């Protein structure tokens, strides 16, 4: 039991629970099953993207281009289904497009050694331009009903978006914590030079991570398109990178790489979604929403930091 | 435990020359290209325009260069700009003397920076995370103050700051140049500069040299807040209005300029000359493409490609 | 036993602008411990990095079991049975000790592709215990102390069951008692037919463990000898290329009167308090194993660690809250790890040397470049730092010269009291002798020195008095000439032994 | 589709014919893309060069920089949809001093030197129209929520203020529970609608004040109905809509009626007006503009009129 509190995720989990209780006390509607389902549905897009972002951040990198990748994929998929292509085929094509975007990032980052933040800052601009060019500046909308499956359908009783996010989180949680590939991600993020000396190919691993990230973002894009029902390439997903990065970091990951878990990230995402939902539900004044959100974020960061210093304090050789 | 690759460092001197010269060549290339494209480009009027337009980004890029060289990051500058701007408007509207309002707006900017500094320097929190938090929170505060309504109507004397000229040169440009020069001297010739570079290279070694690293880092963030406040004053004066969305998203422009200027994203290396050139390049590019009537959508793609081309050369 | 397992022939390695190795021949036989010695920058690590696939040589060839091999990356070398403990730590701070030992290894992956954690942890535990260390292998390495980290490096190298084991200064971060345990393991491996290359600057170790010794100088091979057929003096002169006199100064007949620093019931942690006094011009040695509190004491006096309690300096009671307070009292502190704590490695010598005194050499705001250059010239000469210019980036200097820069940095503050911790860690004999000479000169000119070291010959040779710390207490004091290695070790470790039992 | 890029006609065009700079609030959103069509059409019809450009975000400072740049290029007229109506005043007077004609469109800046404002209706009229429409649909009493694209855009706040005042005066039993903003982000608009439905179990109406709000609201309502959380028809939707975006919701009954106008008509009228002004002519009340129809001129305000969108006429709109 004592071990739970030592875990890196402990503060964020506790914090989420406390906030959950506060919202429940303020608003009776918050605890309703419908609303809890709503929160889960609403976090699926950021959730899926944050899985990829977690891996990127574990490397010590950052991906600013996710919002633009989302726009490209959502536009492509939307146009394909409107052209009469089967939604599932369209979604698969979308994943290929996402993977290509990821590969493009990966190429510049892993092979040309351009720092992540610079590459993805550039591709954020470039992909957005491509998305708008593809759409011709028009709304992509009026999707066939069959496309609603990705937002309103159910798999064994679970709404599709939630099922997809849960599958992604569990799968990548497993990969990250239990497989050689996953541990390579941590190792490279922890000490790149040592990883090279241990004979790991940092390039290949990075490249794969960016491709995975692109594909996860494209799954999010399909859900996004289906949920929102209309896509405006110039704005779809813009700014989502901040929410996602905040979720991953609030979830205990370190921007310097090597530190962070899927569980923590999932709670980070949940926390962000809960704040957004809860602040509307508690009927806080609209002008106070952003300020409160920022304040809660900072609180979460402070709590994470306290945990970290507690861990460091128990470092071996206190007396050296 | 994170040892950097040794071989890269050997080339430090040549990198320095390359960065600046590449930027100069790039800027010259842009100037030549645009002047062939538009007869209005190389006019005094237009050049003045470009300089005035970059003052906001330029002013904020000065401390941002320090912050990034010292190994940190400040994403909250846009929100601080917004906060200072509406503070100025709010105070003046509620009867405070305009110059007192200006000073108080600067104080608010510096205080916001101090909040970042406190959390990051004193309590060792990750700069990116903290400043994402303050970015959201301070912007929220702006909306609480203004309830979304722009605040306008300032005395004429105040408009001199953002719209007036001295000897034909816009006053805001003179101030930006002066602050760039001062900052250049500070970083090249004073302790603060040495500490800033050293902090970005090896914070631990600086601490073991008996230097108060908390104070130095704190100072860079206060500076960042203060300069966002200065930018806010010129912003309000130039646009005659303090709007709640003022400065929204400006951090990306500023960081882009600093990175194009050759400052290393992980700290330890960079220069104000580079930043200044980076700011000019972005401003020139925007202006030239506008004159050519190129849609912003393609402008951003061009900017993206430029970042890849210009910055990748330097960070190899 | 007759055939060499490894032959390196005419190995040359050029870095841009540096010829690090020039036609080096090297042979290694199964079942031998072959020591590799040489000054800092002689090329030892480079040769070993070539052997382990980290670098590729520019000329020459490598034969393993009489077959020519191409070692173009670390994995290839590992698969051929070559394993290395690098001089610099190569650990993943964010991963557990066990994961560090078995990182990226097929052996611990089960058929399903999942990592077999229980097997990995058990094997890691067994390996670390075989070196006599007691480590929680599930703990993240960043929360472990330096010596545990060294143990992990050794365990990692051992885990390969290699035929050739390269140990590049493995003892640098280990206290004497653990070095002893490591030697037991090395001997056992040798008896099992493993060929071991052992790189070290510690003469006593070489004579204790090595069968053969090869000396490198300036990237070339000087000699290979059986250990029984050479002497310490011969090795030193081969390494340096000239005769080196006595390493340690004459310590007899030194008298001290006034005490400069009085420490009375000063807390190094809230639980531990110490008392001692340091006199003007004295070199006061501190010996203690890891965990004894010597490092904490140093950081506490210098104000890097927080705590309560005052010290008396020149009879005045002083509260030191931060390094600035300490520096105001004329205290300077040479930290043990020059890479992490000592140097801003991407900056020049000039910028490093004046870092603590920038305020003093500034005219108002602006740094007085002239004054800075003069100070640099003075100390580069005084400490004979080998560098083309004071603008040289520190990172490109050899270890010994880097250490001298850190020392110079503190001397520029013109201290009254200098706390030195591991002043010669990883420094070659030549540079060591110079640093000892400097320390002695400084003490003669009235500087009072606290010398904290885990290298006993150094402490015994240099100190006027030695205090032994154990478990946060000062347990004994040895006057000049009273101490020897056995006594020190016994005092430093006996209560620990008792507690373990 | 035609690219918005204008290419390199800059130099000679200025000497041979007139050129106008038409400046929406931002580039990208489909509302402005629709407006661009009208602008381009007018350019062709009238034989003038038009540049249609704006920053990629609704940023007032960048918008003013761009206007300044185009003044350097010596265009003959500018039509601006200002992001901040106060902040454009200096640049407008600057333009006038260079004999450049200035009008605003879509969003007004009444306290500046602009010659005309071209809109579908005034913000006050629109706000009142929205208010009347929702009050009507919910039977004159009950809780409604407002959905806006921005909390700081003047054309949004003006409509909200007018709607609120109108409801207070004419339908005191209608309670406006809150105003939420999407920041022009469709997903946020959609989540806002979901959260509103969840927060106010007795909510009866949602009013969308910008293009992205109504479809998002309809999508959320439809989902809630399908999931059995609310009854069909319990929550009404009113406000502004782009016909093609709400077509399916009108057809399946989630939305009954909406207010709409064609942004391309605004764009066309803007160019048309600038062309008249630079020729030294002026607009007149009731004037027929090709492709637009007759306009109403009231002082310095030109109105092209609005339409009420129902399931019967939604197919007739070409945007």
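Note that the chains are named A, B, C and D in the order they appear, and that numbering of residues resets to 1 at the start of each chain.
Keep in mind that, in the parts below, contacts are C-beta pairs under 8 Å (C-beta built on N, C-alpha and C of every residue); 3 or more make two chains touch, one makes a residue touch a chain.
Chain labels with UniProt names: A = Autoinducer 2 import system permease protein LsrC; B = Autoinducer 2 import system permease protein LsrD; C = Sugar ABC transporter ATP-binding protein.
The structure displayed is predicted, hence computed values, not measured ones.
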Chains contacting each of chain A and chain C, listed by label: B
Maximum centroid distance from chain A, chain identifier (CA atoms): C
A-D against A-B, pair bridged by the larger set of C-beta contacts: A-B
Cα-centroid distance, chain A relative to chain D, in whole angstrom: 33
Mean-CA-position distance for chain D and chain C (Å): 72
Between chain B and chain A, distance of the C-alpha-averaged centres to the nearest whole Å: 29
Inter-centroid spacing, chain C versus chain B (mean Cα positions, whole Å): 44
Contacts with two or more other chains, residues of chain A listed in rising order: 132-133, 137, 191, 193, 234, 287
Touching two or more other chains - residues of chain D: 3-4, 27-28, 56, 151
Per-residue multi-chain contacts in chain C, two or more chains: 91, 93, 142
Each pair of chains that touches, named by its two labels: A-B, A-C, A-D, B-C, B-D
Of all residues in chain C, those that touch chain B in their complex: 15-17, 88-89, 91, 93, 142, 302, 304, 322-324, 326-327, 333, 335, 339-347, 351, 355-356, 358-359, 362, 365-367, 369, 393, 395-396, 409
Chain B to chain D touching residues, read off their complex: 37-40, 43, 45-46, 49, 53, 56, 143, 146-150, 152-153, 159, 163, 235, 238-241, 243-249, 286-287, 290-300
Chain C-touching residues of chain A, taken from the complex the two chains share: 178-180, 183-184, 186-187, 189-191, 193-200, 258-259, 311-312, 314-320
Complex contacts: residues of chain A adjacent to chain D: 27, 29, 32, 34-35, 38, 41-42, 45, 132-133, 136-139, 141-142, 151-152, 224, 227-239, 276-277, 280-281, 283, 286-287
Residue numbers on chain D that touch chain B, as the complex places them: 3-11, 27-28, 51-61, 64-66, 68-70, 72-74, 83-87, 89-90, 150-152, 154, 157
